[in-house]
Amino acid sequence: MASKLKFSANINTFNACADRYVLEGYGKRRNTDELIKAAQQVEDLSGVELVGKWHINDNNVEQIQRQVTDAGFEVSCVTPDIWASGKWGWGSFTSRDKNIRQDAVREVKNSMEWAKQLNCKVIDLWFGQDGYDYPFQADFHQVWDLLIDGVIECAEHLPEVNIVIEYKPKEPRTHCFVATVGKTLLLLDKVNKPNVGAMIDVGHALQGYENTAESAALLKYFSNKLFYMHFNDNWRMWDDDMTFGSVHTIESLELIYWLDRLDYNGWYALDIFPYREDGVRASNESIKWIKGLHAVLDKIGRDRIADVIASGDAMSASALMREAFLG
Amino acid sequence: MASKLKFSANINTFNACADRYVLEGYGKRRNTDELIKAAQQVEDLSGVELVGKWHINDNNVEQIQRQVTDAGFEVSCVTPDIWASGKWGWGSFTSRDKNIRQDAVREVKNSMEWAKQLNCKVIDLWFGQDGYDYPFQADFHQVWDLLIDGVIECAEHLPEVNIVIEYKPKEPRTHCFVATVGKTLLLLDKVNKPNVGAMIDVGHALQGYENTAESAALLKYFSNKLFYMHFNDNWRMWDDDMTFGSVHTIESLELIYWLDRLDYNGWYALDIFPYREDGVRASNESIKWIKGLHAVLDKIGRDRIADVIASGDAMSASALMREAFLG
Amino acid sequence: MASKLKFSANINTFNACADRYVLEGYGKRRNTDELIKAAQQVEDLSGVELVGKWHINDNNVEQIQRQVTDAGFEVSCVTPDIWASGKWGWGSFTSRDKNIRQDAVREVKNSMEWAKQLNCKVIDLWFGQDGYDYPFQADFHQVWDLLIDGVIECAEHLPEVNIVIEYKPKEPRTHCFVATVGKTLLLLDKVNKPNVGAMIDVGHALQGYENTAESAALLKYFSNKLFYMHFNDNWRMWDDDMTFGSVHTIESLELIYWLDRLDYNGWYALDIFPYREDGVRASNESIKWIKGLHAVLDKIGRDRIADVIASGDAMSASALMREAFLG
Amino acid sequence: MASKLKFSANINTFNACADRYVLEGYGKRRNTDELIKAAQQVEDLSGVELVGKWHINDNNVEQIQRQVTDAGFEVSCVTPDIWASGKWGWGSFTSRDKNIRQDAVREVKNSMEWAKQLNCKVIDLWFGQDGYDYPFQADFHQVWDLLIDGVIECAEHLPEVNIVIEYKPKEPRTHCFVATVGKTLLLLDKVNKPNVGAMIDVGHALQGYENTAESAALLKYFSNKLFYMHFNDNWRMWDDDMTFGSVHTIESLELIYWLDRLDYNGWYALDIFPYREDGVRASNESIKWIKGLHAVLDKIGRDRIADVIASGDAMSASALMREAFLG
């Protein structure tokens, strides 16, 4: 039932997107009020993601809660900002500077508390700055001690809020430590807390030559802790953060099928950077692709898909895809 | 009109495919008779590609001509074998050994003559072995002299047979000289013969981060000499030679659209390696995908596609694709 | 003679570098005065690159000329800014908006005039925003008409200033039109002006699976117009803009060797983004790598290198490299 | 002490190498006697790898043992052939055919017994055929049950022989299940047998955008079971199986350094495909690169390297590399 899918988007989707060449961004800058209003223009959106300190702080959390609720949204996820200023440039939990590490843990705990106040179950832990750029720059053992200890400390802080680890092979570092689905599962295993799970960001997985459907299945198999999903698309080499469905069709369907088969019932959250596109239209397109692909499961039948997979017959799979997409 | 598309396949498609691990191949070896019979089982196939010396030689050309005609086929292309034995391992036209170079040119001329006798307009010049593997291994200037001179010599040999250059970034060499659509156009320009043009092998272009639709348009723009097309699919990093349409959907449609817009009226030839699949089914699937995608042009309308392109509006393009594939 | 190499750097190298996550940048923002002062701390630097409107305008060109000269520098290149604000986001010369196109041409002409006033022979034409992000978004024919006509108009404006085309496969667009060395040569050929040539940005070439040495050789072979060089390094998939020599050693030497062999006597200009590094140290490192690699040519001997290349013997090449780097 | 490193090579290194185009191979075919004789020509080689059934079987194991010993070698590793014939094309341990799965397990057990008789501690379990090529072709859960159960069964068969898992992202399948260092560690954890560990094949790790030094450190960190190493080099996108050191210099040194720091004392085994090169020269080159890079550790000092890593200062790392390689 595609009607049961819950869609969310980071409210920054509706803000001007910048890249390293156009730092001012390609569109118009908006404040939080305007971003929430923009979100209301997206059909089928029932959740929003917020970023700690950007949109929420100790002083405005009640007001934001009211605003978001009045606008008809739940908060699906709060993301602590431990990657968006020069301060974090040499790492957050794995910084060589103990003060930075402690600040990072504190940011995460703050976001957990804001999440709780917002009736939000999930915070997103993305270690974008925890990695290295150059050869001979990283102590590969020490950083994992720090990652594991830091996550445990956060997990114990508020056991009723789920921490989801968001892995990514690279960017902004040329190499991130928590790079792949496999390394994420190793981290979950060492942390071993019921409130620490993982998300898949579709584009991050594609960037690492992962099949997103396979990665979702593995998170289920090894941890039963696929807590969240970030949807976007790209050209496979880089995290282009395009609208979902704009490049990959069959692989996207394989992902949607497996999420359904795995009984994933978390949020279908958008994480796109519509640099040159209108954020509302880009969100609508992404959601319509997800819903449309999900409807294909009904159209061609889950049993037939399961049979094709069970057979391993690639040409039957091809024929089924043709039927799905070309009628 | 998809009904007007002409489909061809290399008869080797129906033979056991080997890779560097399974040299005996994954299926059953067949002789030329059996390969032609297998080709007859493919719906909508009206052409076959043959490889010089593998399937044709001075002694059997008349017999093959009869067999192929009796089986209801035209020969769409003859491919000289200048890459499939150790002899060519260090290059064909660019070998450091003059005798090898002369042999290579002779092989090409032989294939041109066989093509003529078979009423075939096209020979496929693929410089797979002309490249290098290691740093400091190639003299980048000398090889282009040899490439240009060699192609001119062949072109003048039989002006009524078209030579199509098939570019590829790598494999079997880690770097091939004629690697991209741009370098191919430079070669065409220097050769400057009316019977020397180019083909796009879809997988080779994908391997080089080319958009195949763009590459087709550029061949038209800079040379008006897109003479032939090889269809297959892959996962973008390597020439996996999968059935066409099995991975890429939207990009495949963009290619089909542009071939139509550019009035390409050459063969839609399959160049796939169905290692673990039945060659007949794999060919049928590929052709059905091409026809099905071509039918989409009628369904959603060439004018609407042209309007979307003219507007440059990515979200309109996304909506049109959703309509095309999800109805 | 490494002593004869001329080194330059964009003065922005000494400014805070930003990426799409850390828009404020990782370091300290500096004004033009401070940037020029910082440049003076780099050993062996005799040139600086300036960006139009960022550092130069009609009002300050004489003052900047004095400042740069007093600081002991030549201006090696002026880069018109046709890519660093939202205005250019949908293209410069290939924008669908005629006014934008005219503005872009005007910017280039302005930079040519500033270059002339600064006794600088080169302006850098990088079409970073001229490309597309999504399928069905580009009209591949129209854009080349616009590119060619625009470059011709600029070239004719001031024939005594050289325009160098800087190609790049992607970023900020997912696909740039002038993407490869091959396409660059096609553009040069159509433009056909003595003052229009090309540069190789090492990282851009690596990103496109080009061997930079081969690309330099091809620019010489097909156009004799390798006018400029941008040095940096990366991990091969993306334009990481790291210090030169930090990742690639043997390939870097192959490039340095061929530049010497091709009698390239233009600038060795740095184009790096030292996000988390000090710009002065990063520049010193890059220059020391270039000089050190160049000194290897003397150490192992150009004749021996030429002999190895002539032989095509990869194992002799390997032994020579071992000698070069491991003594 | 580079003098303490133990070098091995698969004796196939000295045989003709074939690829999918040149199935006959680029060189001369040799029998096992000749391969062992060729191995003797490699300086510093004290071990050889053998492949089950290709070189060893129940009838010749004593004779081979004598031959190898007489030639002055230990057997460093026996590799069961569960990937080199059409039979295994749809998987070994994960085949949908129970008989194939049982045959595969039997092959592995056979190789373990041969290894024991040859006083060899290691067999190499490479699941090259266990994966998928097309979308919707794999049941991602079932295959891991089969992998885990199969490895446990083998491990229990002969606890005194070590099984090393060799991971690879792709080829011969477009996607292999045991693809990355992370997934390998998950497999080791589930299997949980003291005689099951892992190897890193340098080229496989590079193909997956892994930093091989980091992967070695992670195998130590999470399992303490880095049992074996395969050395070769490539251009990062594909398993080109080139001589070690021919492309990557700094990253290779980082690997050699970490192997030393991690007290890795297993074999330094070559796994190269010298298609167009002489196998003896290619092996000599690879070993000389390993030894030469190892000597650099003495030359520049392990303490200084450790200090640079501890500092995280990329420019100090760059300066140290310049000193190492440019003197």
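Going in written order, the chains are labelled A, B, C and D, and every chain counts its residues from 1.
The rule we apply is simple: contacts are C-beta pairs under 8 Å (C-beta built on N, C-alpha and C of every residue); 3 or more make two chains touch, one makes a residue touch a chain.
Computed from a prediction, not measured in an experiment: that's the story for all the values here.
Of all chains, the one whose mean C-alpha position sits at the greatest distance from that of chain B is A. Looking at which of A-C and B-C shares more C-beta pairs in contact, the answer is the pair B-C. Averaged C-alpha coordinates give centres for chain A and chain B that are 40 Å from one another. One finds 35 Å separating the Cα centroids of chain B and chain C.
Within chain C, the positions touching two or more other chains are listed as 90, 133-135, 170, 175, 209, 235, 237, 246-247, 250-251, 276, 314, 318, 321. On chain A, the positions that touch chain C within their shared complex are 16-27, 83-86, 88-90, 128, 133-135, 170-172, 174-175, 234-235, 237-238, 240, 242, 246-247, 273, 275-276.
Per the touch definition, chain A reaches chain D in the complex via residues 90, 96, 132-141, 144, 169-170, 175, 180-186, 189-190, 208-209, 211, 213-214, 217-218, 220-222, 250-251, 253-254, 257-258, 305, 308-314, 317-318, 320-321. Against chain B, in their complex, chain A makes its touches with residues 209, 235-237, 243, 245-247, 249-251, 276-278, 281-282, 285, 288-289, 292-293, 295-296, 314-315, 318-319, 321-322, 325-327.
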